[in-house]
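Consider the two complexes below, in which subunit A is the common component and subunit B and subunit C are the respective partners.
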Partner chain A sequence: MGLLVVNTVHRDMTRWHSANAFLGEKSKYALLLVLLVSVFCASFWSAPVQAEDELNCVLCHKFRGLSRIDEEGNFRLFYINENLFMKGPHKRINCMDCHRDIEKIPHDPAKKVNCTTECHLLEPSGKKKFSHKPVAKILEKSVHGRFDEDGKPKEYQEDYPTCKSCHEQPLYRPLSFFKGVSSGVSRRGLGRCKTCHQTGDFAEDFYNHVTSRLQKTRESKEIVEICAKCHEDPAFQKRHGLDNVVASYKDTYHYKAIRFGSDRTADCVDCHIVYGESVHSVESMDSPTSATYKANIAQTCRNAECHHEAGEGIASYRVHVDYNNKEKNPMEYYMLKFFSGLMAAVLYFFIVVIFLELLRRLFPNFSFNSAERSGHAVTKPTTEGGE
Partner chain B sequence: MQVYPKINYRGGKRYFFRFSLVQRIQHIVLFTCVITLSLTGFPLRYHDQSWAEPLYNFMGGIDVAPWIHRGMGSVLLGLFVFHTGYWLYLFFKHRVGRLIRDDELTVGNFFKEFFSMEMIPTAQDGRDIVAMFKHLLYFTNKPPQYNRISWKEKFDYFAPYWGIPILGPAGAALWWRDEFTQIFPGWLLNAFYIMHTDEALLAALFIFFVHWYNVHYAPEKFPLGTVFLTGYLSEADMIHEHYAEYTETMKAEGLEHEIKLQGHH
Partner chain C sequence: MLNLIKTVIHKLYILVLMAFTVWYGFFLYPVIFGHSADHSVEALVVESTERAGSFLDEAHLAEESMFDAALKEQGSTATTDLGYMVIEEQYVQGHFHHVGMKVESDDSNLCLRCHGAVPHDKAKSIRAFLNMHAFYVACETCHIQPKEDAEAWAFRWYDKAEGNIISNPPGLTSLDKSMYGNYGAKIAPGFLKSDGNFRFLNGAKERAFVAKYLKEKDVLSSTQQSKMKKIIHRNINDKPLLCDGCHTADKEKAYLPFVQLGYPNRRMHDLTSTEVVGMIEKYQEFYMPKFLLPGDGWHEETAEGEE
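This part shows the complex of A and B:
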């Protein structure tokens, strides 16, 4: 998740390109603006930003060039931008809380961070140590979990997403970067919190955390791209026996509206997650508790924000149609064939007529009938028409 | 109803009556709807093309364009209903009315009158198509002599008259999808989606290439055939496109001696 720990940014250049594709023109400008503003503000702040950095890790990691080529030949950047880190959700956590295998400084190559590690923060509702374990559990139970019902590892383990498969995408880091630092509904409301919660930045952090969670954080277009990262890959589809659901989704008005900037039509998670549940709980359409289980589809479509007037009939609407698949979508296949055939017949016929007509103008008087050729190319008027 | 002279003179030239004002207005409403519907519809069909987004934004973007599309679609459906009422009115007033007056109203005569309306395809159209191909393939140098409504124009007429009942209700069902699924199964919407977009593509390609070639792009018409505005067709075009009607009209107006020959002028 390492929102600011940008150490893997350059591992894969293609990822950067797809990241750029996520950013619309607007967000690019917003990004530029945020960068400019932070540079501007930073020039006034003489005091360094105070991170929870007891061991002074940034002593080394503040250098922009801190990088190396790892054993797999990937370029790794270990630079940490403190300003950005301080705007991320991990700002109150010690480096060592997550990077637990580091015992001495300078340290050996660190292992990958386990997101389910318990950190020193207390989760306020239960006063337990905070960890991402609950969400990891939801993911594990979902169709994206890497073990089957009997606890056996599923085939093609490397295809199943870990936390970072999605959250390492540039669009997920750092959160405040994309939504603006001033998340929340009212800065004035914060004043009420601060009356009692005076210690440190607690009120501010807590308020921002809660209010930002109440907003839609990602554009639908970005959600589609995240899912497409795996589901659009033909080799991946083949390994798991899946259809190209991204392509078929992109044929729907749902996507087309999103494509042109609407946020009012359904993206992947709107239909594949039971209304009100965590976005990590995607289930197979064969599971009776799934949002896309046959008996639940109508209810999913009828969720308050979408087709709330729809009847049971809506359940038989097919969102993912493969127009080239005769077995799966025979009606759509043959209808498309009919219209393509009709179109070809009509247009080819008229194109031929127009072409011949234009050609005829070049030789207006020519005829294979030699009698006509010698005489004048005129016709006696008749009233019947025809010949 | 206004009576239009069969032949009008402007600047010493003859012009032949073809379309009344009511018909021309219907046509203007028709093409305004079709062009606007195309501009607000096809960017969605071809959303992955580079021109789609700028064009769609020009038409108002995702917040406005769909409403223009639905509005114009409603107007077009209204036009379909109006036009149906229009020809039914003319049919009953003039043809059935005459049968009643002459006390000749039988089922046979009723259908005979129905099938003799000028937009209905006849055996003569088949003969005209054969004559056209004979001419186009150089078996004769006599061009076909079309009557008042040629087979091409009948095709032009029935393209929207079959297209709108396919496109319109399908579009309406997709618009009122929630209410629709209270009565009908949702898979019908899948069918309507194909009907709507594919029939639209056929209509647009036919209109913008074939129809516009016939009335605007063809060398003697380019850049603009004006009959859709004036309702009258020039003598040269009459001879070229409706020679049978031309000679008939000239005779009826007592201008038999001034009939020009259908050569290549």
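This part shows the complex of A and C:
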């Protein structure tokens, strides 16, 4: 991260310059080291509730162009949008709580962040230092974990998701419950909290955190897009022997509604997570405890927020049907062919009829018969003795 | 006459309906048979292979795969709906923090045609800082300085889209930090012509020339190409402008005329403050003692970026 201690060092630098003349080279280095270490330690001991970049990393990281191309050819952007950073739960922690390997200013290339690191925040229920370690444990046990049941690494390790594969910096999605439910912070609701909880931004953070957690963190469409990042990749599907489940899901009514803006129908998470469990606990459909295990499907569909009055028959609804896979889904394959053919025959028949009708109206006197074209009346030859 | 007009209108009406009927026939085809598109893995792999150049082929170059991925990523954006606000931003693969904006590319700078928008890489300790400056400072600002006996350059902002001279961008005076350096414009050097009008060093004529060169260079022999490259780069200084050229405590000596370029006092103070100036001094002294030596990192930086 950026210039963590510049602000504080700034104060000390003036003194440092004046002291410079009296100190030898070694003493100079030692003094700077002491300053850096003391500021570094002070930042931890103070344990601020609200970070607000007190270490002034954004002195450099506020510039959008701070970037480089790394050795693997990836574009590395070091820009921090401070406005957005302050709209999420991470606003309460310092940059160095995550970027722990940064020890000097300016710093060397930072190592990858370990999300299971304990930060200075205390988890209120257990009064322990906060960490995402419990989430990592759940993920490791899920179908997305990197190790199999025997603890051996699964094949294609690079395909298994890390935190950043699905998560970018989290942002609050607060709700107001006054005069109905609406998005954003309710000043009236917050005002009640602030009556007692006046110190710092505690009330704001608590309000934002709780109301954000009372709803989905993401829109359904975003969730589908996140899963699709891997599951829509044909090379990925081939490596893991998976069907194109994203394409088949997008054929369903559930996705059609989401596509048109609804957030009330089922997305990937709704069906693949046991109701009430962590979204990180996706299991294989072959696992008896999975939400999509054959015996559990009806229960999954009938959760309190979806088809809670449906019968057992709802489990017969097949979501991921590849209509073009004759071997796997012969009934659906031939049904699609039949109805497509029927629809085409009916519609194109009438289109041709309409087109011919219009053609006649355009050329009302046209005829392939030359006599009719020239306008002469065609008289039937009369038989002898006739009128 | 009236009958003739009526007949013409009637015929036109029929023709329009016929055209609509034909269009409707084409429109219906994917509606009816769209589901028959093969979603099987094998079919998609074949499709992707044709589109991206067989990335599953082990013999396929990693560079090619990366190029294909880059092509696919072009212009990708991400949308985050917070309910009370929707964030539309540039998608940067693997980037955790929100960018919160779409970034305008510099389509007018002639150097970037070959060197790209993130050209600095050699000087390890400062490459990100240099690229940061390349976001709002044209290459020639630091890489083409006036000769010792020549008159100093004048500086103006140009808009990234067209390369036209513009007035000082309003973002300079914004208190919103996300606007810092993000002006949709860049500072570039130039000079005042005899008629008093300003002209950029790399103006419209130079841009047109480089565009022509890139379009037709394959006609030239490799020797001629080397010759042309030398000519195009002949004004580039061996040693570019260094950090302390602008970030100096003595504002009067700063290479860039911050006041004239529209920087408010507050921003100018930031750029020449002890925070920044002191940091640069420290940086040189403690962490990269050799980086300012001519012919080291800087020189490689310039050479490395060349086509």
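Quick note on the criterion: the second predicted complex is superposed on the first by the 260 of 387 C-alpha atoms of A that agree within 3 Å, B and C clash if a C-alpha of one lies under 4 Å from a C-alpha of the other, contacts with A are read in each partner's own complex, and residues count from 1 in each chain.
Keep in mind that, in the parts below, a residue touches a chain if its C-beta (ideal position, glycine included) is under 8 Å from a C-beta of that chain, and two chains touch if they have at least 3 such contacts.
Just so it is clear, the model here is predicted, and its values are computed rather than measured.
In the superposed arrangement, does subunit B or subunit C reach more residues of subunit A?
Here the partner covering more residues of subunit A is C.
Tell me the contact category for A:F260 with respect to subunit B and subunit C: first, second, both or neither.
First partner only.
In the overlay, answer first, second, both or neither for which of subunit B and subunit C A:K133 touches.
Once the two structures are laid over each other on A, A:K133 reaches no partner at all.
With both complexes overlaid on chain A, does A:N365 touch subunit B (first), subunit C (second), both or neither?
First partner only, subunit B.
Is A:H99 contacted by the first partner subunit B, the second partner subunit C, both or neither?
A:H99 sits against neither subunit B nor subunit C.
Could you look at A:L347 and tell me whether it touches subunit B, subunit C, both or neither (first, second, both, neither)?
It touches subunit B and subunit C both.
Which partner does A:R146 contact after superposing on A: first (subunit B), second (subunit C), both, neither?
neither
Looking at A:A315, would you say it contacts subunit B, subunit C, both, or neither? Reply first, second, both or neither.
first
Would you check which partner chain A:N324 touches, where first means subunit B only, second means subunit C only, and both and neither mean what they say?
second
Considering each complex separately, which residues of subunit A are in contact with subunit B in the first and with subunit C in the second?
Touching subunit B and subunit C on subunit A: residues 336, 340, 343, 347, 351, 354, 358-359, 361.
In the complex formed with subunit B, which residues of subunit A make contact?
Within the complex, subunit A touches subunit B at residues 250, 253, 255-257, 259-262, 307-318, 321, 331-332, 335-336, 339-340, 342-343, 346-347, 350-351, 353-354, 356-361, 363-369, 372-373, 376-387.
Could you pull out which subunit A residues touch subunit C in their complex?
3, 6-7, 10, 13-14, 29, 32, 56, 58-60, 62-69, 73-85, 87, 104-106, 113, 164, 167-169, 171-175, 183-185, 218-219, 222, 234-235, 237-238, 242-244, 247-248, 251, 322-325, 336-337, 340, 343-344, 347-348, 351, 354-355, 358-359, 361-362
Using the touch definition up top, name the residues of subunit C that touch subunit A in the complex.
It comes out as residues 11, 14-15, 17-18, 21-22, 24-25, 28, 32-33, 35-45, 47-48, 55-56, 66, 78-84, 87, 92-101, 103, 118, 120-121, 125, 127-129, 131-136, 176-178, 180-182, 274-276, 278-279, 282-283, 286-287.
Would you mind writing out the residues of subunit B in touch with subunit A in their complex?
Residue positions touching the partner: 43-44, 47-48, 53, 56-57, 61-63, 66, 124, 127-128, 131-132, 135-147, 174, 177-187, 189-191, 194-195, 198-199, 201-202, 205-206, 209-210, 213, 218-219, 243-245, 247-248, 251, 259, 261-264.
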